[in-house]
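Note that the chains are named A, B and C in the order they appear, and that numbering of residues resets to 1 at the start of each chain.
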């Protein structure tokens, strides 16, 4: 019950944040130089066509009225027409968002397994050789942009070794499963299409790895830091003194509380990964939301920009709520009330 | 203030003596800190890297072999796209310019970006955080923190991109865009510290003695939040530089022919994988610079043992 | 330093070197079995992997987005798709003329205002229904009614009327020598199918949304290929229309896949793995050289109707003085500029590309001559204080190669003492700046493609007063005599007479030196040698998109 109250409170709070965010992005989108209607139809289209589109997009009205139109439409799930794809932004998002989410989830999985694994390894062998190796790898991972990994992986695994497919979500000739969730893997599974399932997984690995490198390194660092800090705490010495097996000490008494910081950051990284993946998506021809958003920004596609940022804002807020719930479960000392980060 | 403290503690110490004692403690702390810091070789490496790069950037016209290639319009198509050699350590780019010289000059833009953004962001973020934290629960707290929440609700890069795309693309505007995105992180950091500190004994005692709000904020609370702030600044230098490079990468930052590191990586990326040196060396330069700030920041963090950030 | 710290420093260094090695090793490895590329390779390499049994595919990369709605798309990838999905009344011949296509013949009224077309009978749309005159009328009205895409090309055509099922009359507002070729951009859609998929709500009154939403991802055509799958931002997959009325070459591809990427590393990998038949035209010279090294891959440089211009603003000092402009034209190093492009690219001969019908081969062409440049500069009224008039040259930041030309211009002009400032500017800002005389830069570096394969179109697009406030013209020529003469030339129905007028106009422009004519752009593509591509032999039209006309391209077994 406490959990429900917590979620309700946070959701209520989120409404105001989103409303504020929508005003901010609306202002950004509308003060962009250039006439978006002219940009949309091209320099050669006659003036009446531009005027028609301007009318359709309410661009001739004063800003507050434009915002009112935009907001009421957005509340109905209508974000207007995208200038890049020329169809409803809502349709575009429905199409591109699952692809990005699928990538981000796969990358999250890799991050969680490898990041926590390496961090634990590092902490157990603190200041030994293996710790230093992991630390240096982590630093490199953190400071190297993910698109560098993307190019490296593409050339190494796709070109030199030819082990992985390099573009898109499915190979040519593999029948696409009917779209249910938009997740290629889940849709394949639902359709019982195992060829497509394995092919989709095969396509996921390289881009997901490229995305995961940086966050994995980050997670390894944080896991190591909090584990080595907790190692020095009295309660661990006490538990050890009781003769509890080392494995149990490590797993149950050390790792679990040490994961709190890791999971908080992982949540942020997951949401951040959705937004920052555009270059990775570009290189692997992945039809994702981030690439779409980037295109929108470069082409001044204001409806698409607003919608993408709003969607990312919602994801951020939802992820934060989930993280708080998980953290509260991991550490009973942290009450839901105390967590007020958004 | 010193007088008041002295009376309050009941000891009979003159202000002068108190000041001297404080100095001594501070010196000892500093000495101990430096000892702790220097015990961590990675931090020292980081600090040295940063120092060397800053010096190289300042003295770039004197230490680079071809300063003209970075500062003035220059073309030499006969020597375009040459691989690294003794003459051109990092090779030449598609226009025949020496990449080593351009990279060293490129540090200037990256460092400027980091320094300017943080010097715009930190004061604003810190002051707002102090005010909101000290007046926790008041209307001003609500207003400040709600606005902060809005900016924290999206990944900074995407909103910075959106803002930068509205403005004419150049270094200054990209700094403005990043700054607009960055202050809330300091507000939040200081807010957390300030809400904890406002109930501390020394703050209430200052309140009791009638100290002004400004005095309490800046002389009592602020000094106690400095260590996490400095640690965050050092770590953020790296992030701001990466974001600046990303903006340049998509054409919204430093404009060619100026040698911005991100701009150089972007224009060289078209020549991958064959003319790898055109984008690899500027990319490595970013990596080394950011790595330096990270190592330094981590050293500082261990030093202050700050839990936040 | 302690032992431990040295240890760590060493580690950092070794990790760095691993990165370096990885970066260098990756490209180096496959380049090893380098093979001298044959000039006219016809045979596929023996060790090529056997193709999977199944349909042959022609895979081409393009810059996204692609609009397959005939009333919306007008860029390169859209045109390439549209010509495969839809049929048109006429078809372009490789020599720059047009030949009958859906229209088997036509009559022109004496006043040149009315064209009557006699349609081929028995042509079937992809859904099996027959293409009739009413579909042509509907397509005409739809294109004009929406007003986007290629609609501007049919600006002179006023109305279309179906005389009977197989006869259509189109009426013009004024006579035009270019009306017939402009029909290349009137793609015939299936009226019933589009009406059935039209949303009632839309900006076009009783026509609702004119089927725009549906046609973005579906086709309603009768062309040689039909849409099989359309994945936005990813690819367009078309399959052969076996019932097409025209003729397929024996090994014409069963499927055509347009892939939405231009990333050099991606193209490289796909090409090496034989997962791509033809690359996009946006690869750099360096990237093409590398692709050329791959066994079985060659580079094509195809002529286009595009010319690269330095457009000089003729209304602001110092470039408002023709002598200053001529000085620039004499001082620029055309040979070096052309040398930066793929071999085979040639300096432009005057204001229109040489591939266009009506191009004047004897038009005056500037070459680099510093003596003449100085002479001209001395006559320029700003000669004495030229250092006070820095010339700004703006290049488009999305086309990074332009920077080289701008920098070259800068160093050339330094030799005769004209100060130049190089500025990079995003395309959308360029469009905005060139829309008014005050904000138009001294020089804008812009590629312009002729709408139609005739010199007159290009001359009109570039220098007629009606385009002065568009990006097509940074010159602000505003020359009434020129306007009158080009309008007259375009209205001349007789081709020979028309071409003669074009010749004179090209001389007229060259005299004014309102632009530097840098080079005729070549469309550069890497292609697999198992593709038989008639474009290489000059057997396909240079009209935008027609190099990718599927029925004529053959993907041979390899």
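Of note:
The working rule: a residue touches a chain if its C-beta (ideal position, glycine included) is under 8 Å from a C-beta of that chain, and two chains touch if they have at least 3 such contacts.
Owing to the predicted nature of the structure, the values given are computational and were not obtained by experimental measurement.
Think of the whole protein's Cα atoms as having one middle point; the chain whose own Cα middle lies nearest to it is A. Looking at which of A-C and A-B shares more C-beta pairs in contact, the answer is the pair A-C. A straight line joining the Cα centres of chain B and chain C is 46 Å long.
Centre-to-centre separation between chain A and chain C, using Cα means, comes to 37 Å.
Work out the mean CA point of chain A and of chain B, and you get 25 Å between them.
The set of chain C residues that touch two or more partner chains comprises 4, 8, 12, 16, 19, 23, 26-27, 265, 268, 429. Shown for chain B are the residues in touch with two or more other chains, namely 42, 251, 269, 272-273. Touching two or more other chains at once are residues 33, 139-140, 151, 155, 300 of chain A. Chain B contributes residues 41-42, 44-45, 73-75, 77, 81, 94-95, 168-169, 251, 255-257, 267, 269-276, 280, 284 to its touches with chain C in the complex.
Contacts from chain C toward chain A in the complex involve residues 4, 7-8, 11-12, 15-16, 19, 22-23, 25-27, 29-30, 52, 54, 57, 64-65, 67, 69, 72, 74, 146-148, 151-152, 155, 203, 212-213, 216, 229, 231-235, 257, 259-261, 263, 265-266, 268-270, 272-273, 428-429, 431-432, 470-472.
Chain B meets chain A in the complex at residues 42, 146-147, 149-155, 157-159, 161-163, 165-166, 188, 238, 242, 245-246, 249-251, 269, 272-273, 283, 286-287, 290-291, 294-295. Across the interface of their complex, chain B is touched by residues 1-2, 4-5, 8-9, 12, 16, 19-20, 23-24, 26-27, 31, 264-265, 268, 284, 286-287, 289-290, 336, 339-340, 397-398, 400, 403-404, 407-408, 410-411, 420, 422-424, 426, 429 of chain C.
Per the touch definition, chain A reaches chain B in the complex via residues 13, 16-18, 20-21, 24-25, 28-29, 31-33, 135, 139-140, 142-145, 148, 151, 155, 271-272, 274-276, 279, 293-294, 297-298, 300, 305, 308-309, 312-313, 316-317, 341-342.
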